[in-house]
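After this come two complexes, each holding chain A, first together with chain B and then together with chain C.
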Partner chain A sequence: MTKFQRFLLKRLAISVLLTLVAVSVIFVVLRLLPGSPFEALVTSGNLNQEQITEIRAMYGLDEPMWRQYVNYLTSLLTFQFGYSILRSQPVWAVLEPRLINSLILLVPALVTTAILSSLLGMYAGWNRGSRLEKFSIVSTTLLRSTPVFITAIFFIIVFAYNLELAPALGMRSIRATPDGYIETFASLDFLHHYLLPFAVAVLYYSGDFLLLARNGVVEKRGSEFLKLHRAKGLTEMEQLARAGRNSMLPILTYFTLRLGMIFQGLILLEVVFSWPGIGRELVLAIQQQDYPLVQAAVFIMALAVILANLAADVLYAYFDPTVSASGGGSA
Partner chain B sequence: MTLLEVDNLKVTYQTDDDPVHAVNDVSFTIDEGVNYGLAGESGSGKSTVAEALLGLLPGNGTVERGTIEFDGKDLTSLSAAERRDVLWEDIAYIPQSAMDSLDPVMSTGDQIAQAIHTHRNVTDTKACERVRELFEIVGLDPNRVDDYPHEFSGGMRQRVTIAMALALEPDLIIADEPTTGLDVIVQDKIIDKILEIQERMDSSLLLITHEIGVIAETCDELSILYGGKVMEQGSVDNVLVNPTNPYTMGLKNSFPEIDEEDEDPVAIPGSPPNLNGEPTSCVFQDRCPFATDECGESHPDPVELPNRNHRSACHRVKESAQMRQAADDPETWDIPDDGDSESDRGEVILETDALEKHYEQSQSLLSKVRGEDPDHVKAVDGISLSVRRSEVLGVAGESGCGKSTLGETMALLEEPTGGELVFDGEPYEYYQDGNQREFRRKMQIIFQDPFDSLNPRQTVRKLVGEPLTIHDYRTDEKEQAIVETLEKVGLTPAEEYLDQYPHELSGGQRQRVAVAKALVLDPDFLICDEPASMLDVSLKVNLLNLLRGLADTEDIGIVYISHDLASLVQVSDRLAVMYLGRVIEEGDVNHIATQPSHPYTASLLSAAPEKDPTADRTRVLLEGEPPDPVDLPSGCAFAPRCPKAQESCWESEPAIDETGDERHQAACYFPEGDDDPTTVDTSATDSDGASSINADSIGD
Partner chain C sequence: MSTGTEREAEVYKRVDAVWTTVCDQFAFLRQDRLAFGGMLVVAAFVFLGLFGPFLAPHDPIEHTVRGGDGSVFRLTAPSAEAFFGTTSYGKDVLSQFLAGARPTLIVGLFGGLGTGALGFTVGVVSGYYGGWVDELLMRLTDLTFSLPFMPMALLLLTFMTPNIWLITAIIAAFLWKMPARVVRSEVLSVRERTFVKSARASGASDLRTMLYHVAPNVLPIGFLYTAYGVAWAIAAQASLAFLGFGDPTMTSWGRMLRQVFASGNMRVAWWWVLPPAVGIAAITTSVFLIGRAYEEVINPEIQTDQ
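Up next, the complex of A and B:
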């Protein structure tokens, strides 16, 4: 077994363990919450005690805690998320479209901003002290520190109400009745609705990448190997490319981390733009104590973050040759 | 024919305060096929000259005036693109720190190929072939072209940069301190390699270094820089044998040499000049014992000495013969000559018996479950030494031989894994068992880097006073204790330094503060781990003399750890030579220096460069690198590299008392100087030429 395979195996084991821990935490926390999904029905007097016992038995809630836990684990790990209590629909049928909606908005936004802002950041770091550097840092920091719903509302006021360039709300116009994902997303109407939230998301994420890339390049700028590259007769841009390549690791880490977190959606953005994403759905589900839905949603989110981290580790080995050699943790 | 002509070059650096005049009107010429040396201490502007030549000055550096004519073109007037064409195609560069000058995320072969592709329109396969060829030339395994820099050792990385410099067969190679930071043995090999290759390629070499010895051995002509000015230049033979400038005399005298152990090296007192203004007087005036009023008025123009290739910038150049004689006497430089009174050595203060420090290597879960014994790195493997009061014990060895670990284990910064350590009559367990504080007061350690080991946010008063507070020692007369100690280490008047911060001090002063910090508690024992390796020659000599003096007057025992044999010979009474965690030779320092018994010691001694260009030195190039400390061969650990190894060496390991007596013993079956027909010197001459190159290319 090569060192790298061993390293990979170790990471995989850790990931599996982490998933188990995350899943258990979700289970415990939800049981600790006061009340139950049926409380509302009971207090409104619509259900009598027998009916409650019957429903609880139907959902398996009368069984001892450990049995519930085992059942829960076995179904989760086989990706059977059960039925939503409030919507009376399979959980996956509820979650899937919303997850897709969130991803189709945020993944392109994240990739775009990761590439553009990092390149801009590298260039700014190379020309340290220039006006471009100062301007880009101030503006992206401003965008990052402003709550995303403020930026979103501002964009809606300017582009939707005043300039009337784009619709303010929703994913499709109200009259559209698309069937299936392809029909939903492959249309001009969708693109029209897509632009504003996409732009806000891009700007929101840009600050982190820009600063990371800039700092990396600033740090590398005085280093000896760049001097040698310069002595070799490489042009400024070629030198910058080497400096950028050498400061990739923090950007990569941050990108994969963010990519994992995208599965949670950007709740505030989705609320402001009435984007039917997973973030909004989760908030609703928690409010209404829809256990199966919350469990499934949180499971998917945790899994995404863990997988993204695993991807980061693997990519590290590719991007930094020193990682794979010493990855086993030995001296 | 003239290849490079630098005329009145002046470079300044913009800073927040005054501009720094780093290079002031430097002129020199390099002919085709000539090796040219630029020597000087740090801050003399020698690296700035190289950067100006290559156009690599940092953003705040500007060439104020002067011309750099290369092959008839003035480099300073070229556009950026034209300049890029000249770089590497005509002028290549071997950078200073091999450790960080290779791109860590690009394979070494690609980095060399990149240089080729930038200037030549060749196919990938052609470039790749050339890279393999270059690897072979510099003695690296051509199959390792796809390896990344971190997979090579320091010396091998430097070989990669040399291979890179050769890629396009340039007319001029600029090597900026190519061997600084490498061990003597590796340094010797690298220099040898550069010379061998350069001879074959017939290019010129500009070698920049602070080691006069390296220049004396490799160069034909040189310039000696000080404070951004050329002090003396000309042919190496003339300048170094008969210097006419007081600075050259001082610089030459301050080089400790192994075979002159009776004379103390004479250091130049004072510190390098402030370059915040254009020099109006002779830059060396403040430190020069021969300065007159005339020297204060103007910096002297270089005077051509008749009939020999030799120029010197000194107002009193006509009196150089008298000056040369006077310069050999320490009193000329205002250094009190305290004589070489061999002080009586006191009782034994520290003794180790078979001291061990093994590091366990991490193992996989599987072998842990199976209960396999983990591998150990035997950093310190059964070392028995003793140090008396007023005695300096030198510990020598290549990097990775465990000498620093030995120091740390002696100071109980690392827990010994075996053996005995007795300090001041008590075993180390006694100190670990609640008497740690007493131990820490009596035993002090001085680290390698004075830049890192002082807290930058504390004044000298706080830095030196801190140990007093921690140990509650002389707290009622703290100020007095601080002042006394500062004066003891030569920072006088002490009051001037009390409120300064480390960054306001020079390198030498900082190291003195670090020494003062250790001495303020009146310790009984001092461990110095390469304290002088970051210092310039003249400062280094000052520190060595200081430590020597402390051992004599303060009655403390000192362990001095270094890879620099010349300075060890200067400072120590006894010497222990380490190889892979073991002491392979130990004894009286003069005896070892003149008659080494162990072949390893002999090769260490022969690797040190000679500052006298007329002296001939036999190089003993050791084969390969030290073996993997985890998987040591059976028998003598040095056998794989030993020129004299025989069957019996592989079978069992010689003990330290194999040869010699109490005064001088070595772990070798076939010591030097015995009636053995193959002494190292002859074997080196035998294997000269082709076979030595082959041997050299086996490893680093």
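Up next, the complex of A and C:
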């Protein structure tokens, strides 16, 4: 077994362990909540004691805590998420379309911003001290540091309310009754609703990529290998391309990490735009104390991060010769 | 007696030395216009946070703005009676804005400092020692990374009554992972440098090497992430308040935005949206700009040929 394979195996084991711990933390936090998950149901509906006992038995809440924990673990890890209390349908049936809706908004936005902002950042770093550099840094700093819901509110006020260029809320207009994903997403109406949240997401993440790329190029500018390239007679752009390629690793790693945190990073964006994604669904579920839905959604978010972290570490160890995979930091 | 004064003199000397260091650290403010502008905004914000509630012309929640005939001013544009207009309940927006700076300041300052200090310590210790210490701390970091901040914070705040210090603690408990990871990766490369190795070889203890040789070299990034921590904490607090999980006893900018958003008056009441939104955007951006200018001055690699 090579060093790299051993590193990979160890990192995989850690990820599995981490998933177990994260899932257990979620279990503890949820069981700490006041009252039983059915309090809302009992107080709102007209259930008698017998029905309550029956429902509790149905959800396994009458069993001892350790049994509940084991049941919870096995069901979560086999993706059997149970039934949503308030929507009375399987949790997965509720979450799946929401998950797709989130992905279709956030993944293209992240990819777009990673490419465009990195290129802009490299160019800005190469032209150190230029107007473009200053302006791009200030504007992306403003966009990155302002909480995303405030940017979203500004965009809604300007582009939806005043200029009336795009609708402010939802994913499709109220009258639309699409059937299936293709009909939902392949339409002008969807594109119309897509514009604003997409733009806000792209701008929100632009700052990190821009700065990573810019700092990478600035650091490389004085280095020996670029002097060689200059001596060889390469043009400015060719030199920049080589400096840029050498600062790709942090950007790639950062992209992977961001991809994992994609569901949790833009919950408020979905809330403000009423985008029917997993983040907004989770906030609603927490407010309505719909536990099965909450634990499934949090689990999916946690799993995404764990997998992305794994990918980022492996990428880093694979590509960067200065970080040894076995010794030193030992991962 | 004489030993007493000697000690005093020694103390003064030390305080002086610390003061000079602090002044040196802030010298970049004079060079960078953006950072200087950011500093002004931060100063204004700190002033608002300290004295805002006393400056407010009315109580932000109790007082209702009324006209001469006793009718309630609901959702009126800025006027002589209410400089920033009124909310849909007839409350004074200016008073809410002034009073709302304080929770933002408290959470931002302490959340940011907590994040920076915790993350820096974890990062240095983890990166310096390596081995099982590093393994343990980094897996802990991974754990806080994987537990999604916003949902976990919302869950915790549903069964504990939200108050400002609890929110600060939750934010720091979730955000320290950011500086920790970055500081650690810096330490990993510093640790391999010759001067650290020679310090170890000449018999310096682990603690001494960490404090005097490793930490100063990663301090800029620690400071930078403390500044980012302040901005993140403010953003997180505003986001929580916007979702309705803020401190219910305090008016905050995030809560104002929640009220205007939930009441559906965003389309008309620009005077109700702008003050809190601009306030939050201005303070978070300023803190970031200061942090960034600091990075430019301190980081020798970015300085290369200028």
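The definition used in the following text is that the second predicted complex is superposed on the first by the 308 of 331 C-alpha atoms of A that agree within 3 Å, B and C clash if a C-alpha of one lies under 4 Å from a C-alpha of the other, contacts with A are read in each partner's own complex, and residues count from 1 in each chain.
One rule holds in what follows: a residue touches a chain if its C-beta (ideal position, glycine included) is under 8 Å from a C-beta of that chain, and two chains touch if they have at least 3 such contacts.
As the structure is a computational prediction, the values presented were derived from the model and not from experiment.
After overlaying the two complexes on the shared chain, residue contacts for A:227 are found with chain B alone; chain C is out of touch. Of the two partners chain B and chain C, more residues of chain A are touched by C.
Of the two partner chains placed around the shared chain by superposition, chain C is the only one that A:215 touches, whereas chain B remains out of contact.
By the touch criterion defined above, A:294 reaches chain C but does not reach chain B.
When the two structures are aligned on the shared chain, A:21 is found in touch with chain C, with no touch to chain B.
In the superposition on chain A, contact is made by A:235 with chain B only, not with chain C. Using the contact criterion defined above for the overlaid structures, shared-chain residue A:319 touches chain B, although it does not reach chain C.
Legend: residue contacts after superposition of the two complexes on their common chain; A:245 is shown touching chain B, with no touch to chain C. In the three-chain superposition model, chain A touches both chain B and chain C at residues 222, 322, 328-331. Note for the complex: chain A touches chain B at residues 6, 222-225, 227-235, 238, 242, 245-246, 248, 319-322, 325, 328-331. Contacts from chain C toward chain A in the complex involve residues 34, 127, 130-131, 134-135, 138-139, 142-143, 145-152, 154-156, 158-159, 184, 188-189, 231, 235, 238-239, 242-244, 257, 261, 266-267, 270, 273, 277, 280-281, 284-285, 287-289, 292, 301-302, 304-306.
In the complex of the two chains, the chain B residues touching chain A come out as 54, 56, 58, 84-89, 92-93, 95-97, 100-107, 114-115, 118-119, 148, 150-151, 161, 164, 359, 361-362, 364. Per the touch definition, chain A reaches chain C in the complex via residues 14, 17-19, 21-22, 25-26, 29-30, 32-34, 128-129, 134, 137-138, 141-142, 144-147, 149-150, 153-154, 156-157, 161, 211, 215, 218-219, 221-222, 261, 263-264, 267-268, 271-272, 279, 282-283, 286-287, 289, 294, 297-298, 301-303, 305-306, 309, 322-323, 328-331.
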